[in-house]
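I have placed the structure first, in the form of structure tokens, so that the comments after it can refer back to it.
A, B, C, D and E label the chains in the order they appear, each numbered from 1.
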Amino acid sequence: MSGFFAILRRELTLSLRSQGDVMTVIAFFAIAAALFAFGVGPELNVQSRIASGVVWTTALLAAMLSLERLFALDYEDGTLDQLVLSGVEPVAMVFAKTIAHWLTTGMALLIAAPVVAMALQLPAQAYGALMISLLLGTPTLSLLGAVGAALTLGAKRGGVLLSLLLLPLYIPILIFGAAAVEGAILGVASTTPYAVLGGLLIAALTLCPWTAASALRHALE
Amino acid sequence: MSGFFAILRRELTLSLRSQGDVMTVIAFFAIAAALFAFGVGPELNVQSRIASGVVWTTALLAAMLSLERLFALDYEDGTLDQLVLSGVEPVAMVFAKTIAHWLTTGMALLIAAPVVAMALQLPAQAYGALMISLLLGTPTLSLLGAVGAALTLGAKRGGVLLSLLLLPLYIPILIFGAAAVEGAILGVASTTPYAVLGGLLIAALTLCPWTAASALRHALE
Amino acid sequence: MSGPVFNTAEFSGARLNCQRGGRMVLTNLSFRIASGEAMVLRGPNGSGKTTLLRLMAGLARASSGALTWNGDDISEDLSAHGARLGFAGHLDAVKSAQTVRENLFFWASLRGARASDVERAMATFGLSHLADITARVLSAGQRHRVALARVALSNAPLWLLDEPTNTLDDAALNALRNTLSAHLHRGGMIVMASHGDSLLPQARTLDVRQTQPASAAA
Amino acid sequence: MSGPVFNTAEFSGARLNCQRGGRMVLTNLSFRIASGEAMVLRGPNGSGKTTLLRLMAGLARASSGALTWNGDDISEDLSAHGARLGFAGHLDAVKSAQTVRENLFFWASLRGARASDVERAMATFGLSHLADITARVLSAGQRHRVALARVALSNAPLWLLDEPTNTLDDAALNALRNTLSAHLHRGGMIVMASHGDSLLPQARTLDVRQTQPASAAA
Amino acid sequence: MHKFANPTFFMKIANAVFPYAAGLSALCFAVGIPIALVFSPPDYQQSETVRIMYVHVPAAWMGSMVYGVMAVSSAVYLIWRHTIAHIIARASAPIGAMFTGLCLVTGMLWGQPMWGTFWVWDARLTSMLILFFLYLGYIALGDSFEDQERGDKAAALLALVGSVNLPIIHFSVEWWNTLHQPAIRSFAGFSINAAMLWPLLLMVFAFQTYYVAVLIIRLRSELLSAKIRTARFNLAAAE
């Protein structure tokens, strides 16, 4: 357990200090949303119509792009070897890294989302749904991502492969996340998207860390 | 000159073989566009309305994300030292790397763009404008990007810094690129966007490689 | 780093075979090492020293053969095996963004070592004056010393060192020699790959290329 | 790698000072080396050997002092200076995705060396049987040999080698020794950082810590 | 269980099955295709385009089923380390990808007359596209490592993870409908009558036996190349 917290703390320190994940993600998020606003042009009704899609898509891309580094940096400089040997349970290690990833991407997105949504003219009644769906959905992105990152570690075309593997797994989250916001815009109070997102999160929590840990073991061999 | 071609060939080989940039970019482009289509939902008129914005924004993001690696990988494993010492003019080296970057991102985008545009229901009359604007705009993205990548090499928060530096420089290209496509959709044959994009390209061609080369020298010190 | 004496133990491998990328790297290799003993792995570049060390650490898996600690197969509980060894490979596992002290303190906290152990290990390897410097600016030798200090503070009985003398100056070589002898005196074990001076005159030598008949094990 | 004899030349540095991150690393250091001569840089870890080699290569800039090649300041034409030197630093600059031959061939083509030079350099450093293997699977020593082979085929008069003996086995050490002697015989120059055996008995030694009075230069 | 894990024994059974599978498949196609494309009745709503169904539906079902086979085999491989199970999964992947691709293509061809567009981002279509991506990912992942065994294990893990998609394909129609616009596809009156059902089932059986036959051919070549690898490896070891 102390190992878990030590790893979590270290991950956060490193990503705040040099790898700069938090700031990168927020910047990426804001930039991507700004670019869309420019690209689509200033028509209000079109912008608000696509706001939820843009926020959710950017969230996915941001999560996906930072995932490549989840294990790769530690793999390349020998740290992963040492972590596996440190006597900390691999599952605890994966959990710590995944939580750190979520804190530095998912959480960052949660903070930036209202601002971006405002820039994109999201109707006021949809903010609650946006935040709840992000809160339920982004941890699943990190958990699934950990599995993908572990599976593709050391692979010949790590980057593409990871995208290729994660895209299909992320699509349901995107669909239900955007659906929740859409529903709120239209005033349809539907609990189905939340139920699905919650269910996916629970499933991911119970399955992903173990899968990723076993994939990591194989990666080091 | 032979050095220029040797570097160009090597860059292309490496990016085709392991770093997989070409495939990453196409995959990223397709995935991002697909995600947007999901996120925005299936309403045809909204999709076609934002198609040009999505294609251009995704192109920018794809270029920006692959730029971080333009010099960083070579910097980390000592190759950049060797390249600088190899007697090849630094400007020629920067040129070779920039062209390789364009071939593996800009060109890749050009190939993928019609397919993505089709998925997003871009009206038929706008394809020509999309392709011409991409052809004029994407080399400028790579050239400006090379300067940004050289300036942020070895910086503590390379990724964010690069995005923050490049965003303001990229916005004009985005605006005029999207404007060209918009114009074509509306049937307004305007040459202004093309002229601006062409002018930006020429300016970038004459300035960027030298700036990037001198930034590289400083980075190694 | 003197400390409590380790329980007597025995670490051995029997008829190990290992293939990498379809090529046989280690064939029918056996060894045995007991508390207080040291073994130096020798062989030309690419002969399999690093591979054998990774097998011993449980980081890689042999195609056939068994590695046992006090008679128990190590693959039954790899986490427990990891906890009883300190490993310094070709890669230093030093994070550039952290200071030397932060780097070492992280590993110490995973291993249950105290802050005073970190200070002691830094002093041993002449790193005290660099403690608060970010590892990014370390010279090659200084960085390698940090990796060795990590092993020194691990408080693990089995040390696996891959060419530990690379990039070290004379002072660091001396520090390493003393640390290794002290470790053996406490009843620790050392397996070390080396091309040149092994630092340990008392160490046995194992040529990794040598195919040993099963009976020759032990 | 015997080849044409180099023109006689002289490479020297006068009253070099260099600071890194606000700390003075080299103070008032001078040296001179002529064709056919070798110089070994000595000093403990972190004393500035690597820093000095990078200054000599033109990769870093001294805070004060001058480096001259046949009397011309090297900073006037850094590209030309780069073309007349071969550099092997702590980093190997070997691309994992390419085979050994592809790696070397690229550098050969930049340096105007021929394919036969690549084959010869690989043979010298015992890499011929690995020529078509991707560098990803090379052992540490094999990878380092590739870096040395790159210097050997560069056909440059000045070689700057940072601890070239690390990770090498006896066969590779011999190959390196022979290559270095051959280079000196052709009228080349070698500057080499080293902690242990310098391979070159005839080499002068320069202690990088030593603050040398200006008159002692030469 | 262990008996089947022995490649020699396994291939003995497979070779015995092969002529029956290949023969039945050929027979069913020979009978089924003319019936489906010519002799079966046209649908009163969809008229002649309904004939696409006789390829589309079997292909869709087989696409899912083959992935199910891969998931189960991969689990067996990861838990009991029986390589034959993994070889079955690996040999199945391209066949399954082909079925899934066929389903997508026929679906698109069908969609044009029925919905007026080739593609809609509907959940059924989407989840099937995901399945196709999973097949591609599985194949790509398996070939992405210098070390074959590493690729085998990563791919097996992926097959397991991806099996989550199978129920989604099946229930996707309902999920999407509750969230978005009403059903895009309306099969009112489509409740299949016997004259359409039995040719459909015949085609399904033809597809299944085709899968078994092709699988056995692919298994043979996979095992052969594995044998060659071992032989080469023993040679190297003997050196």
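We take it that contacts are C-beta pairs under 8 Å (C-beta built on N, C-alpha and C of every residue); 3 or more make two chains touch, one makes a residue touch a chain.
In this text, all values refer to a predicted model and were calculated from it rather than measured experimentally.
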Checklist entry - Can you tell me the least number of steps between subunit B and subunit C, where a step is a move to a chain it touches? => result 2
Checklist entry - By CA centroid distance, what chain is farthest from subunit D? => result E
Checklist entry - Which chain pair racks up the highest number of C-beta contacts? => result A-B
Checklist outcome for this item: When centres are defined as mean Cα positions, the distance from subunit C to subunit E in whole Å is 49
Checklist entry - Distance-wise, how many Å sit between the C-alpha centres of subunit B and subunit D, to the nearest whole number? => result 37
Checklist entry - What whole-number Å value describes the gap between the mean CA coordinates of subunit A and subunit E? => result 31
Item to check | Interface hub residues of subunit C, defined as touching at least two other chains | outcome: 20-21, 90, 97
Checklist outcome for this item: Among subunit A residues, those touching two or more other chains are 17-18, 156-157, 164, 167, 171, 175, 221
Item to check | Per-residue overlap in subunit E, given as positions that touch at least 2 other chains | outcome: 126, 146-147, 180
Checklist outcome for this item: Listed in rising order, subunit A residues that touch subunit C in their complex are 2-3, 6-7, 10, 13-14, 17-19, 76-79, 81-90, 217, 220-221
Checklist outcome for this item: So, in the complex, the side of subunit E touching subunit A is made of residues 123, 126-127, 129-131, 133-134, 136-137, 140-141, 144-147, 149-150, 153-154, 157-158, 160-162, 164-165, 168, 175-176, 178-180
Checklist entry - In the complex formed with subunit C, which residues of subunit D make contact? => result 20-21, 43-46, 50, 90, 126, 130, 137-142, 145, 162-163, 166-172, 195-196
Item to check | For the subunit A and subunit B complex, residues of the former touching the latter | outcome: 17-18, 20, 23-24, 27-28, 31-32, 34-36, 38-41, 46, 49-50, 52-54, 56-57, 60-61, 65, 156-160, 163-164, 167, 170-171, 174-175, 178, 182
Checklist entry - Which bits of subunit C are touching subunit A when the two form their complex? => result 57-61, 78-80, 82-83, 85, 87, 89-98, 102, 106-107, 109-112, 150
